[in-house]
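Each of the next two complexes has subunit A plus one more chain, namely subunit B in the first and subunit C in the second.
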Partner chain A sequence: MKKKVFFLALLASFTALCACNGGRTGEKGSEDSLSAVVGITQDLDSLDPHKAVSAGTDEVLFNVFEGLVKPSVDGTLVPAVAKDYTIAPDGMSYTFTLRENVKFHNGEVVTADDVVYSIKRCAGLLDNPDPEVVVESALSVISAVDKVGEDTVVLKLSEPNTELLGFLTCFIIPEDYTEQESKPVGTGPYRFVSYTPLTSFVVERFEDYYGEQPYLSKVTFKICASNDAAFMELLSGSIDVFPYLTDEQAAQLPEDYNLAVGSTNVVQAMFLNNAFGPFADNKVREALCYAVDKEELLNIVGGGRGHVIGSNMFPNFGVYYDETLENYYTYQPEKAKELLKAAGYDESNPLKFTVKVPSNYDIHVATAQVLTEQYKKVGVQAEIQLIEWSAWLTDVYRGREYEATIVALDSALAPSDVLKRYVSTAKNNFVNYNNPEFDEVFAKALASTVESEKVSLYKEIQQLLTKDAASVYLQDGAKLVAVNKKFTNFLFYPVYVLDVAALKPAE
Partner chain B sequence: MRYFIKKTVALMVTLLMAAFLTFLAFEVIPSDAAVANLSIDATEEEIQALRESMGLNQPLLVRYGKFLLGAVTGEFGESTQYGLPVAELLSDRFGVTVSLALLSFVLIVGISVPLGILAARAKTKTGEGIVAFFTQTMMAVPGFFLGMLITLVFGVMLRWFVPGGYVPATEDFFGFLRFMIFPAIAVAVPKIGMSVRFLQSSLKEQMTSDYVRTAKSKGCGKRRVLWKHVLRNALVPVVTFLTMVMAEILAGSIVIEQVFNLSGVGRLLAVSISSRDFPVVRAIVLYTTAVVVILNYGADMICRYLDPRIKEL
Partner chain C sequence: MSVACWLKKDGKYNINRIIGLLFVAIALLISLVGCFYTPYDPNAMNADIKNAAPSFSHLFGTDNFGRDVFSRVMKGAGTTFLVGISVVSIGAVCGCLLGAFTGYFGGLADLILMRVNDALAAIPSILLALVFVSVFGSGTVQLVAALGILFIPSFARVVRSGFVVQKELDYVKNARLMGAGHLRIMFVHILPNIKSSLLSALAIGFNNAVLSEAAMSYLSLGVQPPDASLGRMLSEAQPYLFRAPWNAVAPGLMILISVLGVGLLSLEGGEKHD
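Our next item is the complex of A and B:
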């Protein structure tokens, strides 16, 4: 009996211990309205911005680093470290004038040498390249980066290209600074304070920033183990901003949070390996497009919030985007069946294929489940195979060993970036698309220096992809962001960034 | 002494084999650190250059030999993802996992031993039914679900702790305890269910054996029989079971760490595998193997003390 009493007392004391401290914990989030906690679900893969690969890392580092130009909310590129730029009419050279007295976080002034170094590093033009640096392939057209005077840098190209500006957001870092990976130094509105793997990345306001001072003095990016764990923390009030809400989570958002809705700026599609036997036949690919009820898909996976797309581009590309293609393939199961029949598939000989889906993306897994159900209705047997992201990269993207796959592709602020994968000779043409007409028009569009001509050429390209049914284009998903009512002004960009400098305290 | 030497040799051999199997496993799975560290559009030359600089191009046996040499001198290399020495990265996560393991172990032993004895005494049908019901329920609830339930009730609704608000014990001991007690409960509950069952059946089996009847007939009191004779015998399988539990928690309670956002060894292992951070993975595998072997050794010692009839093997 004594033991029982002891045990109960033990339990009671634990309970008391927890309860008596309870009052203070709930208030922690509000002690300083000038700092915010942002929940992220992916650890940073490198603090050196030129070595970072994942979009999630770039998104955070956007606050610490800047390029010669930086993206703005409306999709244009605005001068950052550069004050001004001119593009030669023939598209063969770019001239940048640097802004005076831009300071790095270590107090040193940005020089033309730093700019030359940074661009060369990104383009892989340094004499002793660090193999870990991620070389931006679009910058390979740069043949020389020259310092002309103290505040002018000229880029010379090997072939005409008027879209390079979208890639010159590549971050400017101090020349020959060796501690970038542990103590990153840039020119952005926030400076690095600390980083603990799997725990947090902390930044504070950079007082010497040349532009407008951010409102929040300190921002903590909290690295959460999973989407669910992050949402639990949000429910308890310890996270102020969470940019990766799922549709169900958005519906359960507590009262002291606002829901901000934007777009993810990606092309989500079921990409078809055009070299895989059955998919080499246009009729089969068209049938797969006609058999998808995109409205139903959007309702199930995103609460109807995404934007249907009809080709390999998303609406935030503005004038380049051809919205007429959204209704090119409407839901027509009968037509799909006819096309399949014409291609030689019927009930006795159904079309079968496997869809490889990276298992870490819930949205793609859900999409795959909806699609396989819809395909069943037209007698197509699609089987889902979940694979790990690293395996996806090696097998699907590089090895092209797949039949169909569902992912979303993002893009830099240049229409060529989102479409270049379909050029028949492109190394990353993982859908094995091959259309000489496409290659020809693409080359013309890239070289074109007349804006109106460029627009119509890019629309022509999108039409080609749609008509050929190169893949089954689905949606540009909605981005759902929870923002504590203490803050306002969460901005959405047409590229993948998380701008905390714009956040304002709500009065 | 001979026993000790034998065990040490066995430990070394097990470690060597575990390390080798890890190398083999990483040979088989697709993708490697070079691919994981470069952008999806990196060229084949870029990947090759990085492989070269990381030493991934050397033959398996050469890499294994190099790793063994390093391990002997306590040099485990650098994490390919974080660029930090593996030892530093691991020791930081270590504290979290060890404290979680110790705390939940205290809970498991402190609760299941008295409860197990109590359960063994339940002779009536209803008594047995109640014990079976509770232990079955505790075992059936998956740890991650329990974790989420605890977070929801105590973290979100009652606000007794801040979900994800772990503080190291060195900074604020009570804050640390206030947070850690909840993941520890989530770890402990299913194990308590199991060990109560274990202890109950083990005790019952002993109580019906001949020596108990003899002890009773020579006039030993009920208490003396239970504490002096039965418990000692009944504890042997329980100690073995508890060792397994301890090893399991120490080896990384991946799921619980994920739910409570603890940056322990388990979470580090999960992240490292998906980013193909081989230096970290093999160090964790070695650590896990060592923990299991050493704990088993400890359990052997305790069992031999409890029951000297267990001979040297």
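Our next item is the complex of A and C:
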């Protein structure tokens, strides 16, 4: 009895100590340089690309499916299933000419009917819509999708919009193919081979692909339980490419891996519920912006990597991005204190609020801890509450029941997509931002057909958000990717995709 | 009885007691001092000394925010022990009442309550605590409530089995003949006689509570950041296990000495009456 208890106590304490010892076993990476294993940390939520909600799924399915157009590395949209397109000068219709002899993975040729069906499905325009399909709200301006001849499709809009192209990356699938969820069929450079939930998603080169043939004949997306588990596998050599390295892991990268650094293309911010009592006051929100030392934040959570942002947009938007706003709110704790005082908060009556942070994102939890410390210095008491991702989606994002929250928002390749959530009537305006001037300028920008005018209007919109301190905009984080030295040419896109077709074997 | 006497058993110094007492004393001292004084502010960050190795200025080094690990262990141990003691108190008080009544009176209520007890014990405690926390939200209070409820069955069973044996003994029958009431017999006569098994249950319960707190906070369901607790510290140290092992070693060591210390002490308490 005596020995047993002693042993149990010892064992228990050791388990607590070593609870994090992941398995180092796992099969070695294949010697065949024509196949690669890519580590991902999220299981796919659906193989039907129109039903997938999470960005992590789209990121992988990007290799299997294509839209009429697809994003390219420099942020422009290049023709894919469509050969060519024209946008009517008034912004009321789009005409697409299909590429000849584009084949689906099941061998059938893509027809105009398939394209009409796919776009209608994404826009929710089918007669019997499948309730599970995630309808892209930006496509709701489409009033009709018409087949004109065998290789031409015309989209008619109910209001002028010259930015719809960024959403027409929605994947083209065969009409009335019912097995999309178990055997997905698309037109991409890779075709589906197998999917084992929580284990792997395997694709192989599609020999009939119309474009350039990918270098790797087979790619396995290995689904790892967590970031740490994936890194363990990487250390043991069973993963060739891992795109979600943390700063700490990057520093420990084994010798046979290269580190590729890009940007995550997200807006990380502490979003403030503008409808919550104290935050309805502009002065309070401005004070919260002035009280943040973003340089220190980047040093602590990102090892100095990452890009400070000043509004709800990230640098990869190029001409639309207003970089002058990065220095609009510099770190000025004294000014923050003054503003707080003017708003009626001081030491005897400190500003208090709760930050809801999704617990699965280490970066946001770390950011929250740094911010609460910085706020403490100006006498603001911010309390962290960790919540699950699903609870975040229902309570914070849809229910808007929160005071402040820290997350990162991604976006499609259209400046309207990243900014439309601030329109006062937008369904996803979870910050409850309400500024009639913003709504007006946004509508103008969306309808504008002159590029230079569009650029200046979108800059004006960003300035409005910054001046109003709609939220505390923090950074566009650095994306750190481990790539086995066997491979080169890992490409970074300004959207959230993981392009394995570009990977080349290193000579 | 002096401490020196208590440390002896059969005239010889008892090594288990000495080590146990030493460990518990160290753990208590560190956590008590931590309530009033820490070398640094446990939450103060410093980007310049992220993950610094142990040195004279930072005894256990610093963590990934540049916070002093020793200060955080002092503060975190206090939190963890407080959770442990609260959990055991809830479990022990409710468990004693439940076990005493069912054990003493028996009958249908005993049968039903003990089957409920069995059912509760059959569910993995972490899983049940997870359900509790996801329904009522995460936080220290919810954690204490969840773990407290989970700890009731083990105490109830220990106390009940004691009562079942004791109530048949002559002294209880005598007391009844003398006209003592049921409550008096239960809590004045029987309870002191099962003291020893209850004490070891308390010690083991405390250890389990500390480990459960660590596990729950490790799953980021207990104590909320930036507050320190030993489990949270372990959880936060995980990514830095190779580069900055002191982040995990310091709180792990603290859990080890406290759990081991209490375990060694309780070992003796139980054995004497076996």
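Throughout what follows, the second predicted complex is superposed on the first by the 478 of 507 C-alpha atoms of A that agree within 3 Å, B and C clash if a C-alpha of one lies under 4 Å from a C-alpha of the other, contacts with A are read in each partner's own complex, and residues count from 1 in each chain.
In this section, contacts are C-beta pairs under 8 Å (C-beta built on N, C-alpha and C of every residue); 3 or more make two chains touch, one makes a residue touch a chain.
All figures in this text were calculated on a predicted structure; none of them were measured in a lab.
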item: Partner chain(s) touched by A:86 [first = subunit B, second = subunit C, both, neither]; value: neither
item: Subunit B versus subunit C as contact partner of A:388, first or second or both or neither; value: both
item: First (subunit B), second (subunit C), both or neither touched by A:359; value: second
item: Touching partner for A:158 - first (subunit B), second (subunit C), both, neither; value: neither
item: Which of subunit B and subunit C A:53 touches, first, second, both or neither; value: first
item: First (subunit B), second (subunit C), both or neither touched by A:76; value: neither
item: Touched partner set for A:228, first subunit B, second subunit C, both or neither; value: both
item: Touching partner for A:197 - first (subunit B), second (subunit C), both, neither; value: first
item: Residues of subunit A that lie at the interface with subunit B and also at the interface with subunit C; value: 6, 10, 14, 17, 19, 228, 388, 391
item: For the subunit A and subunit C complex, residues of the former touching the latter; value: 1-2, 5-6, 8-10, 12-14, 16-17, 19-20, 227-228, 246, 248-249, 251-252, 296, 299-300, 359, 362, 365-366, 368-370, 372-373, 376, 383-388, 391
item: Footprint of subunit B on subunit A - complex, ascending; value: 3-4, 6-7, 10, 14, 17-19, 21-22, 25-26, 28, 43, 45-46, 51, 53, 124, 129, 131-132, 134-135, 137, 181-182, 196-199, 222, 224-226, 228-230, 232-233, 235-236, 238, 360, 388-391, 393-395, 397-398, 427-428
item: Residue ranges of subunit C touching subunit A (in the complex, touch as defined); value: 16, 43-45, 47, 50, 64-66, 134, 137-139, 204, 207, 211, 214-215, 218, 220-221, 224-226, 231, 234, 238-243, 248-249, 252, 255-256, 259-260, 263-264, 266-267, 270-271, 274
item: Of subunit B, residues touching subunit A in the complex; value: 29-31, 35-44, 46, 49-50, 52-53, 81-84, 89, 92-93, 110-111, 114-115, 117-118, 148, 151-152, 154-156, 158-165, 174-175, 177-178, 181, 257-263, 267-268, 271, 274-276
